[in-house]
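Look for subunit A in each of the two complexes below; its partner is subunit B in the first and subunit C in the second.
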Partner chain A sequence: MRKLAFFIPFVLFIALSVFLFSGLFSNPMERESSVLDQPLPAFALPDLHQPEKIWTPDSIKGKPLLLNVWGTWCVTCNAELAYLTELREQGVMIVGLYYQQPVDAAFGEVFNLSALQQEVTLKLEQQGNPYQWNILDKDRTLIFDLGVTGAPETFLIDAQGIIRYHHIGDINPQVWQQKLAAAYQSLQE
Partner chain B sequence: MIAEYGQLALTFALCISLALAIVPLYGSFKGQQTALQLGNPLAYALFLLTAFSFWALSYAFWANDFTVVYVATNSNSLLPWYYRLTAVWGGHEGSMLLWLLTLSGWIAAVALFSRSLPLQFQGRILGVMGLVALGFYAFVLFMSNPFERSLPYFPVDGRDLNPLLQDFGMIIHPPMLYMGYVGFAVSFAFAIAALMGGKFDSTWARWARPWTLAAWLFLTLGIMLGSWWAYNELGWGGWWFWDPVENASFMPWLVGTALIHSLAVTEKRGTFKSWTVLLAIAAFSLSLLGAFLVRSGVLVSVHSFAADPSRGLYLLAFLLVVVGGSLLLYALRMNSVRSQARYELFSREVLLWGNNIFLLTATLVVLLGTLFPLVHKELGLGSISIGEPFFNQLFYYLVIPFALLLGLGPWVRWKQQQVKPLLKPMSLIAIATLILALGTLATLQSVQANLALLGLLLGAWVGSSAIFELLQRLQQFGSVKQGLTKLNASHFGMTLAHIGFAVLVIGVAMTKTYSVETQVRMKAGEQVELAGYQFRLVEVYPLDGPNYKGEAAELDVSYKGDYVTHLHAEKRFYTVQRSVMTEAAVHARLSRDLYVALGESLNDDSWALSLYVKPFVRWIWLGGLLMALGGLIALCDKRYRRRVGDQKETTELKDTTDA
Partner chain C sequence: MKYFFFSLLLFTAAAQATQALTEFKSPEQRALFKELTHELRCPKCQNQNIADSNAVVAVDMRAKTLELVQQGQNKEQVLDYMKSRYGDFVHYQPPLNKFTLILWLLPALMVCGLIVLLLLRRRADRGAAATDPDDKTQSQPEQQLEQQLDQLIEQYRRKS
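Right after this comes the complex of A and B.
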């Protein structure tokens, strides 16, 4: 028994190495999304440009779509607008979920809807408009429920309103081909 | 051409390390003197070639040779010359070359200072270090060559050094840290050489002690500098972040600290033998693990170099050979060794055993906290992250018994200690502790916090115990004055290092309790009060540096109406890397720091500023400095420089070693 005890450090080290080995082949930034294969969380949020219109999970069901979390303040989001617009032209349905950054009253900031609408319209005119419509998440409640860690993030949602894919980061031709295109096609059928 | 010479020298060095890995070891097993005697010249040659290679890379940086890919990615013609030189270790390839330089430096030092050791043992040490070196030289040459050229199409200017690294702390932080990491390779080599010999007396421990102390001292300084750098450069007044890479440097430090104490037991009492060997292996293994974690991209960290799985794979294979091999050797060789030294329950041996237990538990906490997210994910349980609260909570619980033991430890004799003689000094120290801690707390305006009280109590306990013990020991020589000249340097070193720990504990507890901060919006001329200090923003004006633009804010600080100081905080935009950096303004005093970071420009000419008042934060680094200084003094102990022949008198305590 005593002899075996001296092998404990060796055995522990080998066990650790197995994990280090498998860790080499996975991206530490990649996370398992906790909302996969779940229906969209309940929400009732206004349309960015027509605030009287309220969107709910039921009202966006019916067709597979991409829900793209973005904001004009987010540099990467602006960079992906052009390619997303291209996708829209190919017939992909994309809905924007506008990520409004916290308004800091201590610094004298106030939320101004019409200024935001103007800013968004201007941005989309300049860079291309991939969105069928934009949902405004002023208090980031849906964004929180979806487990969004930053913008841009994109969710692939099927016709029944079930989340099928959660992509963190921008969408470019490579990402679309490798990760999303096939899943989107299969939902179409 | 210089870069090519550098690469050539590195290639020769690789060959030399191969020879160093084979020849002396061969000689040690075959009993060939000639082969053994080749060890020293090989070690010197390795160092000289590596130093030349390092100089060649530095020259490429100095001369802005952007045909060298590594220079082009980490430097820029506008970078001031001193940062151009430190940019040599600003990226993966160059920092590996620095690693090689320190490794070959340690090898040459071992060759130089171990000439009095038995030739066979010295040959084994050099051979083991040669094996380690071989792995690293091959890694640098084949997988991370810093001399790679991008001819014929080379950039006109470089991409600049990461602005975070353009700081004085960064000039010396990595060299110190690497000296520490790599220095544990020496302790490791001593342990492996002893394992190869299979004869376990305590002599190897005596020889390994000064080397372990030296490595530990560098690592202490390196970690401390890193913390100080983060405080100045990251702009939010933090000094330790439990970042995976910080943890990677902290683990070898904890184990190294345990090793220093365990080596003392093995040397003086001939016991804890297998334990000490394991610690020596563990300290270096954790250094290697750290190198793997930083350079393979398995963990998310601000320190990570660009991830490259093939590099990670190589390092992991290397780790398996070195660590797996040595642990296997350990398992096969060590199980026949038995320690027979006897000691009672209340003895210094048992207290040092306690020290080791707590230090290793702390290491385990850090290791788990660092690697658990990885293991969790690889088991398919999803992503989690482990943050500050986990570490803080567990260290909070660990430090209490640890500090209590530390105060007691130096008073207790080897083998057996009667309780009665200690009652008087210990109760005196306890009273002194209470007076000091409560007295300090009473001078502060707000007597609130349990944490501050706890920190002061523990700090005062350790500190006063260390000082009283020193005084008592000095008096044993007749008078304190006589004692000052006669007592071992290592005893002074120990006392100082323990006081350093006390200072550190007080610093951490007080800073955590009494720091205040506020984020404000200010216009020039406005004033904000924080913890009794009035911060007045005098002006903000544009800056134009060599490789950056930015803004500087000037503030006047007064305390209850009296002018205290002027503060100058900067916000820099580095044009090449397009990144923003804060240069915090710090006014440091022993009792508190004033810390201001300039934030964003808001509309209507006002600025966001972060203001901090951080009491006792200096004590954290002061404590680290005292610990390192203690290590340095202990290193000067005459006993370590005695030649092997006349070492008998140091073993006046009877070693009950087995054959």
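Right after this comes the complex of A and C.
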């Protein structure tokens, strides 16, 4: 009994060490998304390049697609444009959800749609255009309802408009192969 | 130099003026807004609350909290609204469920374990004392030693 009690601190120490050591390799950004397996939240947002056209959950249903949250201001988003364009050429349907940063009226900033359209067109000409079309979320309402923490983030939406996967961070060949490719293929069938 | 300090004062006045003034219908709503922005956690910057952070998502959450509070929603409703989008992660007070149960149980278990350990030890000590019959005789040699020591001290005192 006394010998057993003597080992308790040692065992506790080992357990704590293993716990803390494994913590070194965990990713604090990785956590279960609360929108998984739920239908897209209700929205009615304009097309970035044709503002008179309004997109709703119903109008994007029908085919599995990637909904990619991005902005020209976001460096990582620009870095993934080339690979996403490759995916588009392989037949993956990708829709852009444009993340507009807040416009601070107190500092005299004004939202200028035509300037933004030009900026986006130029960027996509330079880096490649993976998007079938872009949805402009000027006040980040859909972005908020989807639980987006920043850009880039990507949602895999099935043909019925149900969210199947939520990826935080960029999409590169490794991420696509390990996390998204299989899920996307299974939705195709 | 004096003008320099005065111009600094002007700058601080301008900086304060750019902070948006928010108005509340009642002091309770103001208190609720303050409480919520301190308890809600920024999902982007991890270890800041949304009152503290200026990340875009924290700014948006603050605006949404304000909107909901001004609509007259209570604390639970606002928290549910945020949790349905950003998960339990977004509230600094984790709910009690199967994943977090250990947070509540572990301290209680440790206290119980400690009490059990102490009781066992006391019983073991008492058992050892009871099974030892010549407990008092054990101190006899010590008494003899002490007497010898006293005698020695006396001798040295007399010599000096």
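The definition used in the following text is that the second predicted complex is superposed on the first by the 163 of 189 C-alpha atoms of A that agree within 3 Å, B and C clash if a C-alpha of one lies under 4 Å from a C-alpha of the other, contacts with A are read in each partner's own complex, and residues count from 1 in each chain.
Keep this in mind: contacts are C-beta pairs under 8 Å (C-beta built on N, C-alpha and C of every residue); 3 or more make two chains touch, one makes a residue touch a chain.
Remember, predicted model here, so these are calculated numbers, not experimental data.
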| item | value |
| --- | --- |
| Touched partner set for A:I14, first subunit B, second subunit C, both or neither | first |
| Touched partner set for A:Q101, first subunit B, second subunit C, both or neither | second |
| Touched partner set for A:F144, first subunit B, second subunit C, both or neither | second |
| Partner chain in contact with A:V35 - subunit B first, subunit C second, else both or neither | second |
| First, second, both or neither for A:T72, with subunit B first and subunit C second | neither |
| Which superposed partner A:N134 touches (first subunit B, second subunit C, both, neither) | neither |
| First (subunit B), second (subunit C), both or neither touched by A:T154 | neither |
| Intersection of the subunit A residues that touch subunit B with those that touch subunit C | 2, 5, 28, 31-32, 34, 106-107 |
| Subunit A-touching residues of subunit B, taken from the complex the two chains share | 274, 278, 281-282, 285, 292, 296-300, 309, 312-313, 316, 319-320, 323-324, 327-328, 330-331, 334-335, 371, 374-375, 377-378, 382-383, 519, 521, 602, 608 |
| Contact footprint of subunit C on subunit A as seen in their complex | 1-2, 5, 28, 31-35, 101-102, 106-107, 140, 144-150 |
| Residues of subunit C that touch subunit A when the two form their complex | 18, 20, 43-44, 46, 55-57, 59-61, 64, 83-87, 89, 117, 120-121, 124 |
| Of all residues in subunit A, those that touch subunit B in their complex | 2-3, 5-7, 9-10, 13-14, 16-17, 19-26, 28-32, 34, 106-108 |
